[in-house]
Structures are given as C-alpha cells and as structure tokens.
Amino acid sequence: MNAVIPLSAQLINLFASVILLLAFAMLAQRRVLKLIDLFALQGFTLFLSTLVVAVKTGQSHLYYSAALTLTLKAFLLPWILHRLVRRLHVKGEVEPLINIPTTMLIGIALVMISFNVALPISELSSSIARGTLGIALAVVMLAFLMMITRRKAVTQVVGFLSMENGLFLAATSATYGMPMVVELGIALDVLVGVIILGVFFFQIRDQFDSLDIHHMERLKDN
Amino acid sequence: MTFSLSGFLGQLFAIVLALALAPLLTGWVNQCRAWLQNRGAPPLLQPYYMLHKLFHKDVVLAHGASSLFRAAPFVIFGCMVLACAIIPSLSTDLPFAPAADALALVGVFGLARVFIALAGMDIGTSFGTLGGRREMLVGFLAEPALLIVIFTVALIVQSTSVATIVETLAHRDFIIYPSLAFAGVAFTMVSLAENARVPVDNPATHLELTMIHEAMILEYSGRHLALIEWAASLKLYAYSCLGLALFFPWGIAERDNFLALLAAIPLLLLKLGIGGFLLALIETINAKMRIFRAPEFLGTAFLLAVLGMLVKLLLENRV
Amino acid sequence: MDLFILMLAIPLVSGALLTVAGERAWAPNLNVLASLGTFLAAAGLTVEIVANGPRFAFGEQFFIDSLNVFFVALTAFVGLTTSIFSGPYMANEAAHGRLTKPRLRLYKSMYQFFMFTMLAALTTNNLGLLWVMMEAATLTTVLLVSLYRTPASLEAAWKYFILCGVGIAQALFGTILLYFAAERVLGHSGTALLWTHLVEVKGQLEPAIMVLAFIFLLVGYGTKVGLAPLHNWLPDAHAEGPTPVSAVLSGLLLNVALYAILRVKVLADGAIPDNFAGNLMMGFGLFTLLLAAFFLSRQKDVKRMFAYSSIEHMGLITFAFGMGGAVANFAGLLHMTMHSLTKSAIFFAVGHATQKTGTQIMADIRGLMKINPLIGWGLMLGTLAILGMPPFGVFASEFMILTHAMKHHAWATPILLLALGVAFAAIFGKVQPMVFGETEAKRLPHAPAITPVFVHLGLVLMLGLWIPPYLTRWFHEAARMLG
Amino acid sequence: MPGLLPIDTLLIVACAWLAIGAAGLVAPRNTRFIARTLFPLGALVGIVAGLVALGSLGSPAQTAVLAIGLPDLPFHLRLDNLSAVFVLLLGIVSAGISIYAAGYFRHPGQGGQGTAPGVLCVEYHLFLASMLMVLLADDAYAFMVAWETMALSSFFLVTTDHRHAAIRQAGYLYLLIAHVGAIAILLSFGVMTGGVGGSGDYTFAGMRAQELSPFWGSVAFLLALFGFGAKAGLLPVHVWLPEAHPAAPSPVSALMSGVMLKTAIYGLLRVSFDLVGMTLWWWGVVALAIGLLTALFGVFYATVQSDMKRLLAYSSIENIGLIAVGIGLTLIFHAYAMEALAALALTAVLYHCLAHAGFKSLLFLCTGSVLHATKERSLGKLGGLIGPMPWVAWLALAGVIAGAGLPPLSGFVSEWLLLQGFLFSPGLPHPWLNMVVPVAAAIVALVAALAGFAMVKFYGIIFLGQMREPALKDAHDAGPWERLGLVWLGGLTLLLGVLPGTIILRIDAATQQLLGKGLADRVAENGWWMLAPISPERASYEPLLFLAFIVATLLFGRWLVRRLYHGRVRRSPAWDCGYHFQGPRAQDTAEGFSQPIRRIFEPMFRMERHFPTLRDKEPYYSVKVEDHFWYWLYLPVARAAAWVSTLITHLQGGRIAVYLMYSFVTLILLLLVARP
C-alpha cells in the first residue's frame, strides 16, 4: 500500500493505540483512584478520536457524540466514581486475583486474538481507520479481563465502563457512529447504570461492611 | 364326539371299578409292605373295613372349623374321581376323557392339593399349617416335574389327550425311547412324592416332625376322614393307571372293542398288582428323608423330566 | 387513539405516576388497572395486526408483525396476571415487615417501567433501540431483584447487573458489527439498523462480519436468555427477588431476550451459509438443557430450582429455533408460550406457598395440599405441566420438538430425552413432598390471588388439547417469518 | 340408537366418565352422593362400554378424527378388534370395581384420607376415560396424551393417602418409571415413522405404511418392549409395582393391576404386530426370556411377602411375565409364518389378559374388604376371617384358584393354551430354537406351581386358621355394594373359566386381525362347550363338563353318605398334642410359611435376617427380603446421576469472577473455533 494515509486516519489510529495502551495501563494499575484517572484519560482520548472522525466526515451527530463522551466519560463518571471511592473509604490498593505479570501476558494474547479475529473484517472496511475495529475489540477484551481479575466492586465497574469505551470506539471509528437515537439511548443507559451502581455501593457496604466482592459468594450450589 | 351308550356304560364301569379297586390297591400295597418287612400283614380288605367304620362314626369338628373345612373332603374326592374317570384304565373309549387332557389332569391334582392344604390350615393348629406348607412345597416341585413328563410323552405322541397317547403308544412298533426312560424314572419319583410315600412322606407315621399328608388331615374324623382316605387311595390308583397308560399302555382296550375290554380287566389287575408290589419294595428299601432333602429329591425328578424332554428333542426329533 | 401508542404510553405514564404517588392507597389498583389497560391495548393491537397485517409506528422505528405481536400479547397478558397476583402478595410481604412503603412504591413504578421496556424492545424495528431497551429492562429488574435489600438479594442483583451488563455489552458489539455489515449495503443512513430494511438485504450482508456479529449477539443476549454457561446470574436473581419479579423474569424477560436472538438469527441465516446460526443455537440449547437438568437435583430453594427449570426450557426452546423450519419454529413459539404461562403460574403458587410457610427451603415446606388445596393443586399441576406431562400444552410443544428432532437431528434425541428425564426425576421428587403430607400453616393477612394460577393452567391445558385455528394460523405465520 | 357407530358410543362413554368425574367436584365432600350415585353410574357406563366393544368385535375397524389435538395432528381414533377386546376388558372389569368402590369409599376417613372424595371421583373417572382413550388412540400424540394422563391420574389415585411418606415415595417411583417408559414409547413411535428422513407422519396409519429396515424395526420393537414393559412391570423396570399397588386404595390397586397393566400389553401387541410391520424371530426370544425371568422373579417374591397387597402385586408381575412369554411365543411363530400356532399363543395372551384382569381385581378388592374390616395389611396379623367374612372369603377362593392357574377357573384356560403352544415349538425351523423353547415350558410349569404356593399362602393365612389378633373378632363382612362388585368379578372369573370356547369365538377377531388366522373355526367346529384348538384328538378341555362332574360327584357323594350313614356332627376343641397352651401364635406366620422357598432359592433374594440369641432379653426373629435390582441397577444409576450433579454444581460456585470467565472463555472459544 503506497497510498498516503490521510492525517485524520493517522490521528484516529494514534488515538486508538493510546486507548489500547491505557487499557493495558488500567490492567496493570493497582490503585483505585489512579485507575479512575486512567479511565477518565481513556474517555478523553475517546472524545478526541470521535472529534477527529466528526471533523473528517462532517456528520453533525458525531459532534453530539463527542460532546456526550467528553462530559460523560471524561468528567461526569470519573467524578462520580471519585466521590464514591472517597465517601465509601475504599482501600486504595486493588488486589488482583491473578498477579499483574500473568494478567499482562494474557492481555497480550487477547490482543493478538482480537486482531486476528478482526483482521478479515478490517479489510472489508471502507472507513478511514480500518484497524480500529481490532483495537476496539482488544479494549473490550482487556476490560473483560480486568473485570475477571479484580476483586473490588469499584474496579469491576471501572472495567465495565472501560468496556463501554471500547464499544464506543468501535461504533465511532469503525462505523462513523451509530444512529443518534441509539447513541443517546446507550449514553442514557450507561448513566442510569452508574447511578444505580452508586446507590448499590452504599447498600453493599451497609450490608457487607466492604466493597470486596468475595463477600458476595454466598449464593451457590455446591 | 358322540355319546354312545356303550361308551357311557364303559365310562361308568371305569369309575365304579376305580372306586372299588382303589382301596384294594392300598390294602395290597400295605400287605406287600408288611410281608417285605417281616411283620404280620393286615387283611387285604382292611381299607374297606376302615372306610365303613369311619363313615359310621360321628364327625368331630374342631371349634374353629369353617365351611371350607367341611367342603374340602368332598371336593378332593370329586377331583380324584374325575381323575380316575379320565385316565384310561381299561378302555380308551371314555366319553369324559375330552373333559380334561393330561395337562388338565395335572390341574385336577393341583386343585385337590390346594384344597387339602387349605383344609389343613383351616383349624389353625401348628400341625395343620406345617402340613399345608410342606404339601405345597412338595407340590410346587412335583407338579412341574409331572407336567414335563407329560410334555415329553406328548411331544412323542403329538397329543396331550391321554386316550390318544395310549392309543398311539400301544399301536407303535416297539421303539426304545430313551426319553421315556428318563420320564418314567421322573414319573415314579413324582408319584412317590405325590402319594405321600417313603422316601418323601410316610403314610404310616404320626410322628409330628416328619408328617406331611397326615399333618394336614389330623383334624378330620368320621365321614370326612373316610372320604379323604378314599380319595388318597383313588389318587394312588389314578397315578398307577396314569403310569401304566403312559409307559405300559399295552392291553388297554380301544373303542368299540368289547372283547378287549374283558381281557383288559385281568391285565389291569396284574399290572396294578406288580406296581403295588414294586411300590412296597421301594418303600421298604428306602428310608424317609429329612423334609429338606425332599426338594433335592423332587428337584432331581424335575431335572430328569427336563432331561428326558431334551433327549427327546435332541435325539428323537431327527428320527 | 392509536392502540400501539396507547400500549406503550400506559405503562410509561403510570410508571411515572407511581414513582410520584406510589404510596397512596389506590396505587396497587392503579398498577393492576394500568396492566389491564396495557393488556387491552395489546389485545386490540393483536386483533388489528392479525386482521390488517404488519404495520409501522413512529416512522419506521417501530414495527409490529405477527411475530412480535404474539410476544406482545403474551407479555401483556402475563404482565396483567402478575400484577393481579402481586397485589395481595406484596401486601402480605409488607405486613410481614419485609418491605417498607417506599420499596412498594419502587416496586410498582419499576414494574410498569419494566413492562414498558419489554414492550418497546419487542416492538422496535431498530436493533440499536432493541439493545437500549434490553439494557433498560436489565436496569429496572436489577432494582426489582434487590428490592428486599438483604445481603443475598444485593449479591444476586450485583451478579445480575455485572453479568448481564457485560453480556449486553457484547450484544452491543454485535450490534455495531451488524451495523458495520449493513452499512456496506444500505449506505450510511439511518436505516442500516432497521430490521425491515436489513431483512430485505440479508443475502448481501458480508458473511465474515455476520459470523462475528452473530456470535457476539448470541453470547450477549444469550446471557440474558440464560444459556449455559452464561446462565449463572439467573438462579440467584430468581431466588432472591420478590416472587412476582421471578415470575416476570422467567415468563417474560427471557422470552424477550430470546426474541432478540431470533430477530438476529433471521438475518444471520440469510447471510451465513450452512445453517451456522442454527447449529450454534442447537449446540447452546442442548448444552444448556443438559446442564440445567443436572443442576436441578441439587437444589434446596424452591425458586432457585424453578429458575433452573427456566434455564432448561430456554435451552429447549433455543434448540427448537436452532433446528429451524416451520414445524420447529412453531413448536418453539408454542413452547415459549407454554413455558411463560406455566412458569409464571408456578411462581404464583410458589409465592403463596412460601408466604404461608415462611420459607423457600423445600425441605421445610410440607403439606401444601392441606394448607390450601388450591395452592397445592396449583403447584402440583403446574409442576406436572412444566415437566411435560400431557394433557398440558408443554407436552404438545415438546412432542413437536422431539418428533422434529427425531426426523432431522436424530443424534440430539437421546440428549433431549436424557435431560427431560433427569429433570422430571429431580423436580417431581422435590415438589411432591412439598405438596403432599402433613403440616402446620399460618393465616395470611391478605387472601392470596389464586385465580391467575388457574387461569394460566387452564390456558395451558386447553392449548395441550386444542389450539384454536386462528392461533395456529398466527403461529404459523410467525414461524414462517423466522424461516 | 340406530346410526350411532360403536366408536361414537365409546367416545360418549369417555365423555360420560369425564362428566361423572366432574360431577364429583360439585359436592366434593358429599361422600354419600359421590359413592352412591356417581360410582354406580360409572359402573353402568363401564358396562355399556363393554357391551359396545363386545358387539363391535368382528366388524371392520372404524375410525374417527376429533377436532382436538395438534394443528397438524388432530386426535385420530380407531376401534378395531384388538382395541375392542381390551375395551371389553376395561368396561366389564371396571364395572365390577366401580360397583365395589361405591361401597368402599363409604367410610369417611377411610380410603379418602388426604384427598376429598370429590377429587378422588375426578381422578378415578379420568383414569377410566384415559385408559379408554389409550385403547382408541390412532396416532402417537393422542396415544401419548392418553397414556400419560392415565399415568398421572393413577399416580394421584395411588397417593390418595399422601400423608404417609412411604406412599409418597411409592407414587414418585411409579410416576418416574412411567415417565421413563413413556419416553421410550415416544422414541419407538419416532423410529416407526422412519426416523431421520422418514415420513414424520405420526398417525398409526403412517407408521403402518412406513417400511423399516430390520435394524430400525428392532430398535422400535425393543424401545416399545422397554416402554410398555415399564408400565406392565417387566423386569427390570418392575420395582414400582410392588410399591404402588399396596399404597393405593384397593379399588385403585384392582384397576391398576387388573386393567392398566393390560393397556401396556395392548400397546406392546399394537406395536409388535400392527405398527412395526415386520417380525424377527429373535424378538420373540427376547420377549420370551424377559417374560420367563419376570414370571419367575415375580412368583418367587410373591411367595415370600408378608403384606397381602404386595403379595398380589408380585403375583401381577408374575402374570405379566407369563403374558410376555406368550407374546414371545407368538412372535417366534409369527416370524416363521406359522400363523395357526401363533394364533394359539396369541389367544393364550389375550385370554390371560382377560383372566388376570378378572381374578386379580377380585383378589385386590377382597384385600380391600379385609383392610376395611380389620385395618390390617400385614398377613402376620390376620387369620380366620372366613368366619366373620364368608362372602369375601368364598369369593376370594375363586380368585385364588384362578390365580393359581387351576381348573376349572379362568387362569387355567390361558395357561393351558400357552402350554399347548409350547408343545408345538419343536416344529420351529431353527436348529436350537426348537430345542430351547420347549424347555421354557418347564419354567412356565414351575411358575404355575409356585403361584399355587403363593396363593395358598395368601388365602390360608388371611382367611383360615385362628385369628392371630383378638381384634379380628370384630371384623364384619363386606357391605352389599362391595359384595355385588365381588360377585360380578367372581362371576367373570367363573365364566371365563367354564366358557372358553364361547369367549374365544368372540375375541378371535383380534387374533385374526393381527395374524390373519384365528382359532375360531376349530372352536366352532367342536362346539362351544369344548376347547380343542387343534383337534379333539390332540388336546381338549371341557371345563363345563369338568366342573359339572366335580359338582355332581360332590353333591351325589354328600347325598349318598347322608343317605347311607348319617350327618351327625360334634364340636370339640382342636387336638393339641397334649400341650394345652396352643394359641393362634402356634400357627405358621407369613414368614414361616414361605421359609422353605427362601431356603431353597436363597440366592434369588437379598435378605436381612435377625436371629434371636440366648442372651436376648426380648428375643425376636425378623427377616426382610429386598429386591436385588435395587442394588444392582437402581442405586448405581441414582448414584451416578447424583455424582454428575455434584460435579456440575461446581459450575455455580458463587464467584462472580469465575462466572465472568465462563462468559469470556465461551466468547473467545466461539470466536476462534466457530466458522461456518
């Protein structure tokens, strides 16, 4: 491929890579507050990449999307999470179930799998940033992994939100955004979800005196 | 099937003859046995005297005796008369014969056995139930053995009708059927057991622990006892005649053959006399077994009968 | 007024109203009344669709055809009976001190919102909106499951939220991929997520993308359906939530999730050769069925056991739709109906039984027949019905599924039968001693509503012996649409 | 009513039964109304069904299609001769049982314990109607619906007194095995439609039209044998029977043992001779072998039981075994196109179905009366009941004689026919079959003789001897309704015993339908009083003459003895051997009576015995006989299932991280592996 890659595509690829990197960073991060910060940063990068797509394609609703991302993912949600962590006095350390190096190795494998899976599709893509789909998938997978390996309720939620970031990346970069009504709905769901979760945290702490999810292993069959 | 007058008369004659001869056979066996055992023999007609005496006596019923207890002797007696009526002793021209073939004959004996066992249990003494239980024990082993003996013969003759068996076997050229030999031995063993003879039972004993037949009829008296004793004699007679019919059928008269009928009477007496003597001999040279040896004895009989049938199927089907 | 708008507006408005005024004395009646209104509107809509054929609403965003109007009618009906049942049930819970007034308010408003989300999810033409509504349904039910605020219910709600949240996120990824594929055909317009448009071009969708999309959608919505091994949230949520919620979860929510998969399957079938989607669904269905059957025998909690039974039946239905073809689709739809009706009836009966005896542990529940013969018989007959005993309708659909499997996928038959047999042994062995035997019982402050139980069972019985011709036509039409 | 076809009448009968059942719900606690009005009505309806079936025997098959059922498969019904024979059985036998039930359910608190009489009435008549539908069904769906409804209604009847845990367990076991059997039957139907790539036509007509390969035909047959065997009580799926029969109220036991087991035989006949469309000789061997094992097993266990209804239940197993033997023999003959002989064996099967239905129902009803009168089921606490209960006792005697397979009652006829059938088996054109099969006759003979043992035990210990408990003195005889029911069935037993020719002439239509050949010509040739299936020279049996002879001898003998001598009777105490403390306890107990059997056939039983020792303060002897199959088959299966369950429940370990991982792994696996 000798064709000159347009700047916008370069930028999008860059931002996507940054998001992936941040996902790795989150996977490696031990401290809760830092984790939330990284999440905010990921949201911000996502906003940037959405903005680039919006500028490039000139679709108006992508601007709304970008704005929504900025307010919601870069500011509102991290803020809510910060408040929660402070109010609930969550211990700073995040204790992973599997140690960090192993998690990273699994993470690398996941990225390889994701790229491999996404490769045939990327080649079909007509959009400017064909590689982003693989990255988005990898971000989703890494977030998934984070949810599995962390034992704090808060970190699981961060993982969950990070997964939404990955999805959003896929939606904007790979497909130039979903129809507006859908995106609004998704955003609303995420917001409501986080609010409900916030309420939940308090209830969980009231009942279990901790946000450690290993207290919540009593419903079982064996 | 026509009911000819001669046939009907012949049938009636066979029944009357059975009724008359049966106690005599019992007396004869007793006499032979006494001779063989070196003791003074009772009169040959002793069974008749005894029946007469018993019929005269009052019936003494236990307090708990039920109507079944009183009906049973008559039923048993009726069964035995029926058995004697359908087994060709003199002639095969028996109008009642189609009423029951050899399989049904086994059923008749079974019916009588069930009634006598039930009657034994009726009073509710320890002996009665003991006798009933043992009788049924003997029965469930003897009955199949007898059935298989008949089966074997029926396979040879291709009929279960006793009259047809006799006719066919008597007419055949003399062929040695190994299966019949097995069947004959099995039949003899079964007959001993069925008629409460040594080595399975001892008709002369009243020693409680060894009784079978006597234990059941312990409570009977008077005419009931007479009927049961008579029925026992009839059973012995019926078995003897059956054995003769199955294994020594020669001389039994066939349909519409009056002369042969006349000749058949002395021949029957002769055969019964020899049979009775042999029975007495067997009873003398054997000892009564423990009750739990009886199943082994009868099991052997059953096995022999089945073996006989197998031999028939293996060797003689090819002939 | 448009019946469709009415149908969506009633739960939405009454939900909002109940949020504000849910503590008034008339609130429970409003709940029932709203459900009745929804049901009447749905019934009217059904009649209209059956008479006039499919229609759109709100532009092309909503689309009602004979497939989803069937689900709509079922949902509205079970929603109505559940609201009738939940009146005295919740009153009793409150009387026992397990719920406070604000919680009751929350329950009623969330119940209506939940109905709204489900009806909207069923009727939307937009697959993205479908996802949004599914997520919203999850959120409302999370609140319903955690209504008691006990440690167990919180734990269940948490697991429910996280597992279904993650699942549904995967479904979103699948939806994005679908959009990605559709965009290549339909162009970058608003129509690329509209099912009616997609279905017209399903043959042109790129198979490679559709495979990925279907996998993500199946795993995503499958989590909500309760397909093994994605089912883990389901028993917890059913066991720890209030019984009316268990009833609607089992009877309705699982159906709606499966409906979503069905819609997507139609597209996948058009795009991917070799019955890929069907095989995948058959595999999941059988695995789920077998696994759930063996889970059953180890259960101690009655609601948990029936939750596993729901998983089992969802497996069976998934298998049926996986086989595809008119007969199997018909059987699958029929089985969904039967399962919804029967399972909710069982939960109604179980709800009353647990209230009467004060426990959900089966070993402690005895002699329901003596406590209240109607509850006892309701549970007994319901159990027998769900186990596939004729003459109840579950047998009719199982018969069709089994015979169809014997004809086309004989290898699956032993697995199906093994699972059904094991399930029978497990469930019946546990329910029978609950219903029979001797016991002591306490009186409840509010008389239980038995009618819904027997209305459901009566319907199931009727459908086992006689399916009305118009219903048959309607089912056939729906089954045909599924291909 | 002219123009009303028999099949329509039977449909009306089914509806009438349902309506009678529903009427029971009008006043569910009004025992008087239900017992005195509804049950006799049900009996009347039963008689109508029986008569209609009798009338339709020999006429061509009638079909009907109802408006209910599945959309593509409405209920197909068909009344042909095979169905008619069994409908006849159902109608006539159930009539007797219903009459009896009218009296039986009279006591509040008895029989209706736990379940209201009205509900009982519903269940009972639903049971009857579903059995009728089983016999009429002409497609797989209708059959399965009726079949499982039958299982379900009888399950509820069995658990009428559900307050006892043992009864609940019995019911559970029953329904479970019935369900497993039903699954096998359904599979069998599926195979008969052609399986994969078959017609998928689930009407019986479609199955008949389907050509199967020998392999699939065999699969269908074996599945049917298993499925129907589970209902009938064939080894090794018999275990429910001795549990369920004692648990049920006596009329229900009678109905189940007498009629319901026969519907399974009906099904097996229907599949083997009508639907599957072929016969392989080894099917017959399998049926024969299983039948023999079942019969032997049943009769062994019957002899050692101490509970009167369990004894009868095991006896039912034995009889079903004999019927299976007959079916096996029929199949063998049929496979070699020896239709005349097959007809002989099949007649034996059908006849034994009728006979067993009559006498086993009779015996179960008798135990019901005994239970009512004494509240005792254990043989060890009964005795001497012929005194206070002469009606029951004498009618039970008829049942016992028939059950023991003795002339001149019903049980003998079929055994006689069966043995006649065996006599011809050496003619089979198969090198070892013609040798081995006759040996089976020896086992049949053994079974018949042992049945006599069991029956004598049953009768002698319940009705004869001294009363083992003082309370038995207050026992009362059966009431008029119960008597009527017993007399009805007793009369049936007698009729079946003495009029075999007449009856075979009627049921021969079924034989002809299945095999194309029957016994009717022979029977008609020799006159109605004589049974000579081949020729009178070969074998003949004239039960009427037989009976007349014995009765005549009996009466004549009695008259003569009285005439010549006297009829004096004196009463005195029984002879006590000089030991004055002979009480009722000196009699044999139930255990004692069967001790020889236990001793001789020890390896057949799994026994737990306790012997008293010299040092025991309160010495006692006890013996518990258990079924080997529990330990050989059922417990291992149950343990295996439990093991798998335990293994699988580890999946639900409570940790959300693990749950997420399942989802994760599933996703990744699918992404990597799943390719179209």
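By letter and in written order, the chains are A, B, C and D; residue numbering begins at 1 in each of them.
FYI, a residue touches a chain if its C-beta (ideal position, glycine included) is under 8 Å from a C-beta of that chain, and two chains touch if they have at least 3 such contacts.
All values derive from a computational prediction rather than experimental measurement.
Of all chains shown, D has the CA centroid lying nearest to the centroid of every protein CA atom.
A count of contacting C-beta pairs for C-D and for B-D identifies B-D as the more extensively joined pair. Taking each chain's centre as the average of its CA atoms, chain C and chain D sit 44 Å apart. If you average the CA atoms of chain A and of chain B, the two centres end up 101 Å from each other.
A straight line joining the Cα centres of chain B and chain C is 78 Å long. Measuring from the averaged C-alpha position of chain B to that of chain D gives a distance of 35 Å.
For chain C, residues that reach two or more other chains under the stated contact definition are 158-159, 162, 166, 170, 212, 235, 295, 298.
In chain A, the residues that reach two or more other chains under the touch definition are 117, 144, 147, 156, 213, 216-219, 221-222.
The set of chain B residues that touch two or more partner chains is empty. Touching pairs of chains, sorted by label, consist of A-C, A-D, B-D, C-D. Chain contact summary for the complex, chain D toward chain A: residues 646, 649-657, 660-661, 664, 668, 671-672. Chain D contributes residues 383-384, 386-387, 390, 393-394, 397, 400-401, 404-407, 412, 416, 419-420, 422-423, 426, 434-435, 438-439, 441-442, 445-446, 448-450, 452-453, 455-457, 459-461, 464-466, 526-527, 530, 532, 536-543, 545-546, 549-554, 557-558, 561, 564-566, 568-577, 582, 584, 586-588, 592-593, 595-597, 599-600 to its touches with chain B in the complex. Residue ranges on chain C touching chain D, taken from their complex, read 158-159, 162-163, 166-167, 170, 207, 211-212, 215-216, 218-219, 223, 228-230, 232-233, 235, 272-274, 276, 280, 291, 294-295, 297-298, 327, 330, 369, 373, 384, 387, 389-391, 395-396, 399-400, 402-404, 406-410, 413, 417, 420-422, 424-425, 428-429, 432-433, 436-438, 464-467, 469, 472, 475-476. Remark: chain C residues 61, 126, 128-129, 131-133, 135-136, 139, 142-143, 146, 149-152, 154-159, 161-162, 165-166, 169-170, 172-173, 176-177, 179-180, 183-184, 188, 190, 192-193, 206, 208-209, 212, 235-236, 239-240, 295, 298-299, 304 touch chain A in the complex. Of all residues in chain A, those touching chain D in their complex are 97, 110, 113, 117, 141, 144-145, 147-151, 156, 213-214, 216-222.
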